[in-house]
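Labels run A, B, C, D and E following the written order; every chain starts at residue 1.
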Amino acid sequence: MLINCAAYRDGVKLADLSVEEISDYLERKDCFIWVALRDTTDAEIEKMQEEFGLHDLAVEDARHGDQRPKIEEYGDTLFVVMHLVEIDGPELSVGEVSIFVGRNFVLSIRNRSKQNFLGVRARCEREPELLRLGSGFVFYALMDAVVDLYFPVIDDFESELESIEDHLFDKGEALANIAQLYELKSKVMLLRHAVVPLMEATGKLHGGRVPQVCSSTQEYFRDVYDHLVRINSTIDAMRDTISTAILVSQSTVSIEQNAINKQLAAWAAIFAIATVFTGIWGMNFKFMPELQWEYGYAVALLVIIAVCGMIYLYFKRSDWL
Amino acid sequence: MLINCAAYRDGVKLADLSVEEISDYLERKDCFIWVALRDTTDAEIEKMQEEFGLHDLAVEDARHGDQRPKIEEYGDTLFVVMHLVEIDGPELSVGEVSIFVGRNFVLSIRNRSKQNFLGVRARCEREPELLRLGSGFVFYALMDAVVDLYFPVIDDFESELESIEDHLFDKGEALANIAQLYELKSKVMLLRHAVVPLMEATGKLHGGRVPQVCSSTQEYFRDVYDHLVRINSTIDAMRDTISTAILVSQSTVSIEQNAINKQLAAWAAIFAIATVFTGIWGMNFKFMPELQWEYGYAVALLVIIAVCGMIYLYFKRSDWL
Amino acid sequence: MLINCAAYRDGVKLADLSVEEISDYLERKDCFIWVALRDTTDAEIEKMQEEFGLHDLAVEDARHGDQRPKIEEYGDTLFVVMHLVEIDGPELSVGEVSIFVGRNFVLSIRNRSKQNFLGVRARCEREPELLRLGSGFVFYALMDAVVDLYFPVIDDFESELESIEDHLFDKGEALANIAQLYELKSKVMLLRHAVVPLMEATGKLHGGRVPQVCSSTQEYFRDVYDHLVRINSTIDAMRDTISTAILVSQSTVSIEQNAINKQLAAWAAIFAIATVFTGIWGMNFKFMPELQWEYGYAVALLVIIAVCGMIYLYFKRSDWL
Amino acid sequence: MLINCAAYRDGVKLADLSVEEISDYLERKDCFIWVALRDTTDAEIEKMQEEFGLHDLAVEDARHGDQRPKIEEYGDTLFVVMHLVEIDGPELSVGEVSIFVGRNFVLSIRNRSKQNFLGVRARCEREPELLRLGSGFVFYALMDAVVDLYFPVIDDFESELESIEDHLFDKGEALANIAQLYELKSKVMLLRHAVVPLMEATGKLHGGRVPQVCSSTQEYFRDVYDHLVRINSTIDAMRDTISTAILVSQSTVSIEQNAINKQLAAWAAIFAIATVFTGIWGMNFKFMPELQWEYGYAVALLVIIAVCGMIYLYFKRSDWL
Amino acid sequence: MLINCAAYRDGVKLADLSVEEISDYLERKDCFIWVALRDTTDAEIEKMQEEFGLHDLAVEDARHGDQRPKIEEYGDTLFVVMHLVEIDGPELSVGEVSIFVGRNFVLSIRNRSKQNFLGVRARCEREPELLRLGSGFVFYALMDAVVDLYFPVIDDFESELESIEDHLFDKGEALANIAQLYELKSKVMLLRHAVVPLMEATGKLHGGRVPQVCSSTQEYFRDVYDHLVRINSTIDAMRDTISTAILVSQSTVSIEQNAINKQLAAWAAIFAIATVFTGIWGMNFKFMPELQWEYGYAVALLVIIAVCGMIYLYFKRSDWL
């Protein structure tokens, strides 16, 4: 579905174009075209391939979806795939945006995502002195918008991790904690899948040999790269912390078990002693003088209670109960 | 066993050849030969070595089988080994395809696999403008076909993992889960064995110095490389997840044990108390007034039941039972 | 907030400047300006950007804060971010210092930190022969001061780790140890976050291609780099040790549990035997000769005590009790 | 001890030499000398050093033994150390072979190994067209022979691992499994010690800058390198699998323990209930009507058996027994 | 404290010098000076700095101590720090040696170590043909001596590890084993701290670009490098083995616990059955014919013993007892 299609000259919008006019404007040296599509049909993509002369393999990737993030050069044209990661309740939803960047055009195709980039276009149009840098700057602006979406996701992860950590040493929470940590780790891995390949690819857009189209905006790409490195190092730290937290949770289980075992042992001892006493006075020996005493029974009960009480206190003091 | 042997010119099949005609056509500059064998005998391979002038070491590897995936240059000729990984019930079966690619010939030898590449040949013959690129394109088409076979395998692994994850926190499933995870990990490692060396080798077929025969099809090999990188990163994520899942399974065992221990402790306490009560009234003291009461027995039973019931409720409320 | 603003020539202070005079002195070839700010407002930063002609992206990073440590080149100017890590009771507090280093100026902005760098300025002014090296040396002096602050932090970590290790094999300390190790690991990771990116960036300030501004002070930056490498290797060793220590703590839990289980088993055996004996003599058989003996009861008690005592000793000797 | 000493020209043996004749033949440009020693004395080595003009450091290493595998260049001469790994019952025995390869000589010294390389010499002499390649080919042949000895070792490891895996989930086998896995891991590490450094060194004998003496046999060394890479990747996979298997073994212990605990709990419950019943009817209340019934005892026994039986069945159905 | 100070020409000692004469001899082109100090005061170091013209930063490091091993170039002079690791009872003591190597001098400063290098000087003086190579050779000789000291340490570690392994599967040794493994790991890490940075630094003293002073002794430094690589790979293997051994120890704890639990369960069952029997015959039913039998008691005891015995045997055969 076509969202937007316009030609720009010197950082200022010339005109909104229909799809058919694209090829006319492409021939003009002084302007560039910015097209935005979403959830495209095969027919739309083929139309675009024709207008812009895109490479078969890239178009097939864009149509297919489900690519890992990457930046590929096909002659002068860059083909870029990025993941759109959004928090969707307790789940993560992962959309995809494919971008073709040529000397004088930018074509973005967004799939399976509720995010839109209208704000990016509006902001670019408000800064004509930057938009004048051409398609490379538009590419930067789109990439920056995508990467900015990762920050709230990682913040969300961090607060989720902190809330788990608050209960890490709570009794009886181990199973819930581990399940949540496992869940969180899966989500972190999803984000990592979006970030790491993009970071590696973006690292090639500044310094060293840089594709023509990005050469005048290198410092901007270094900034994006820097953001990705920051996100990545946070992700790595989280993975490490989650692993340790699972290990620690396991330990709390064992320790809790120890405490229960001690209680079990202590109560077993108390009852076992009471049983032995009643057993003794339940024996049928003929000559057991205390059985004849008037207050024998009361004394016996007191003795049992006293002994059990003493043992109870002993365990209490040893912290077993 | 010879499957197929044909000469092509300008992307169009010239003729099906007999083995003896190969050398005649090899001398012609304007065409290339594409031979497909499977489960070859030593004699067949020797015949081919003679016709195409293949290097001893490469031929020995092809005959021997059980190589790790690799791409080796012997002069102008590439020698390629790839693994064919197929799901065979609960097991993985691993076949092997060896490919010799020269300036004007492609020779593929498939061993221990039910897959065939007739579809590859048919598709190539339907696209003469691509087949015109020569033996390098045929090599790409074969490699692409092999790599495409890895996707259903990894999808299968992923759904197997998901189905294990669904039961990850189920009671009493830990042993089964762990056994399945261990099994799955072995299979993932088998696939990794097929993918990683091939990925490394394919990375040298585009960019930088590229073997002559692949130089006009670099973008295609980059595409294959990209697929392999994607599979590899999925494999790495799976390995990580499987390890964590085993760890988590271990935790559920401990946690379940805790629950059992608590129940054990609770019931032990209840019975122990009942035993103590019966023990007390079973003592043989002469003066135990309650023993003489008409409803003493009933009261005693009620007391025992009441006390045990109270303790039961207490444990119930503390979630021990 | 402006702390300090002065111009230097030949290693000697020329004059304290007001903000407005900065641009005048910047034009003079023979001196450099050193400005120190802290907890700046947006207005202050904008003013500075104007005076020194700083790059938009760098200024935005400085204003924003919460960057990872880095050293970036914008034309001739270096933009540097470092973390100030201070022990704040049981917590770590992490501040940030952003430094702009140009051919003839140094601008440092310190945020969220109680540390100040007045000492650095004083020391520099006492060593005019070094200060003569210009803005590169000031940059070194600041960096050296920041890195020197990491040493007491890591020493603190090490003594914390040692005090945990002293209790590592103590009974009943496992939970506390693990909680402390987990806490310590989080803090170590925070410091690592400050150190590793800075180390990587500093590695590019000596040997190979070095930014103009640092070229005459390379040996000093190698020294700083060396300190960072040392801190980093200590951090790595600590992480490794902490992980092992958590593992070991887990083991002590299991071992302690074994000991408790043995005691439980031993006492259970002793009481069970006593119960069986009393049960036997509590049976109602008509002909049980010992029941009629005058000292039968006493003998019975002695037998029970003797048998239980023997078992007790047996367990004692087997180290179960 | 001298095993063999001969001069070759054009791939054909000229003559068996005595040690004294070596220097005569070394001066001739058209032939090379192949000497094999084993378990040498210091005197023998010194004699050889003199004849071939070997470097002090290399000779000291050869005399000393206990080196890690390596390939070092001393001027035109290569000094090579390889480990001979043989299965010796349940143990691995590790011998060593040191090889000096010069432009026109090969000197091999074998220590602490029962393997011999007579077969290598015989095979070389049967293939004069390859032996004609000179000392580089002899070096390859020896290396190939050494590396070929690693394959049966790794096969042996794999079948040992498989036989452990067959018992991995067997009850009560955990300790034996873990001990065997630990043992196996030690042996794998020994083999890895032999393989990894040799692989790294061999990687420098083809492609890039290659020592003079190996330049005409590069493809052969690539083949050996390939074998070493294959062995190494198998070793890595085994290490990973062994670690996982130990982890899994640990899990089976916990799971088995759970099962035992459940049985323990179940039987404890059954006996405790029987005890409570007998306790009740053992109480001394005056008015307990059932005690007077003629079939009271039989009924009581039946009740006890019935109740215990029901509980038994309940546990049986819940899979606790 | 000055140990030794002498000038050498052509590998032969010219004269023992006083500190004041150093500068005179430094000016002569044909000789070099070798000074050895230990546990120096600040004054001594300053004196040396003056005589040899050493760089401030290097001198500060030497004075400060507590550096990580490194080799740094200051102009023509190398500054080297190495750790002296010695076994000191159950502990490791770590000393430090700093070496300055110039074109015509070597200055070594040894701190906190009982090792001395008199033997190195003596050996060098006995081999004038090597000492003729100059200060680079002396540097090699010192480094070789330091590295040689690591071998007995690692041998000691290995025999300690072996003696732990001998008890790895012993009952009740787990805690002691784990504590020893933890201790050993700490010591291994200390040695690793000494070895790894030195290895990395030494790798730059042969092949590629080599500091002037070492260029004629490259093969000797390669030999030292090789020793360090060997030590390092042994260390890595040990770390891996220790980790596995801790894991295995943990397993033995669990397995032992299983065994204890089984015994506990078995004895509990035996006593519980005896208790039930005595309970039955202790019931007060009026009509219990066996109570009236003359040998009822004896039969009852026999029945109890027989049943318990049978159960005992059953458990014995099932390997629970």
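Here are a few things to note about the model shown:
Quick note on the criterion: a contact is a pair of C-beta atoms (placed from the backbone, for glycine too) under 8 Å apart; a residue touches a chain by one contact, two chains touch by 3 or more.
Quick caveat: nothing in here was measured; it's all calculated off a predicted structure.
Any chain that touches subunit A and also touches subunit D is listed here: B. Minimum number of contact steps separating subunit B from subunit C: 2. Counting steps between touching chains, the shortest path from subunit D to subunit E takes 1. Judged by shared residue numbers over all numbers used at their interface, subunit A and subunit B contact each other through mostly different positions, with under half in common. Subunit C maps onto subunit E through a rotation of 70 degrees [Cα fit, steps of 5, range 0 to 180]. Distance between chain centres (mean CA atoms), subunit C to subunit D: 41 Å. Between the CA-based centres of subunit B and subunit D the separation comes to 25 Å, rounded to the whole angstrom.
Across the assembly, subunit B contributes 247, 250, 254, 257, 261, 264, 268, 272, 275, 279, 282-284, 288 as residues in contact with two or more other chains. Interchain contacts close the chains into one ring where each touches exactly two others, per the touch definition above.
Following neighbour contacts from subunit C out to subunit E and onward until the ring closes gives C, E, D, B, A. Residues 55, 57, 61, 67-68, 70, 72, 74, 172, 174-175, 178-179, 182, 185-186, 189, 193, 197, 243, 246-247, 249-250, 253-254, 256-257, 260-261, 263-264, 267-268, 271-272, 274-275, 277-279, 281-284, 288, 290-297, 300-301, 304 of subunit D touch subunit E in their complex.
Subunit A meets subunit C in the complex at residues 168-169, 219-220, 222-223, 226, 229-230, 233, 237, 240-241, 244-245, 247-248, 250-252, 254-255, 257-258, 261-262, 264-265, 268-269, 272-273, 275-276, 279-280, 282-288, 319.
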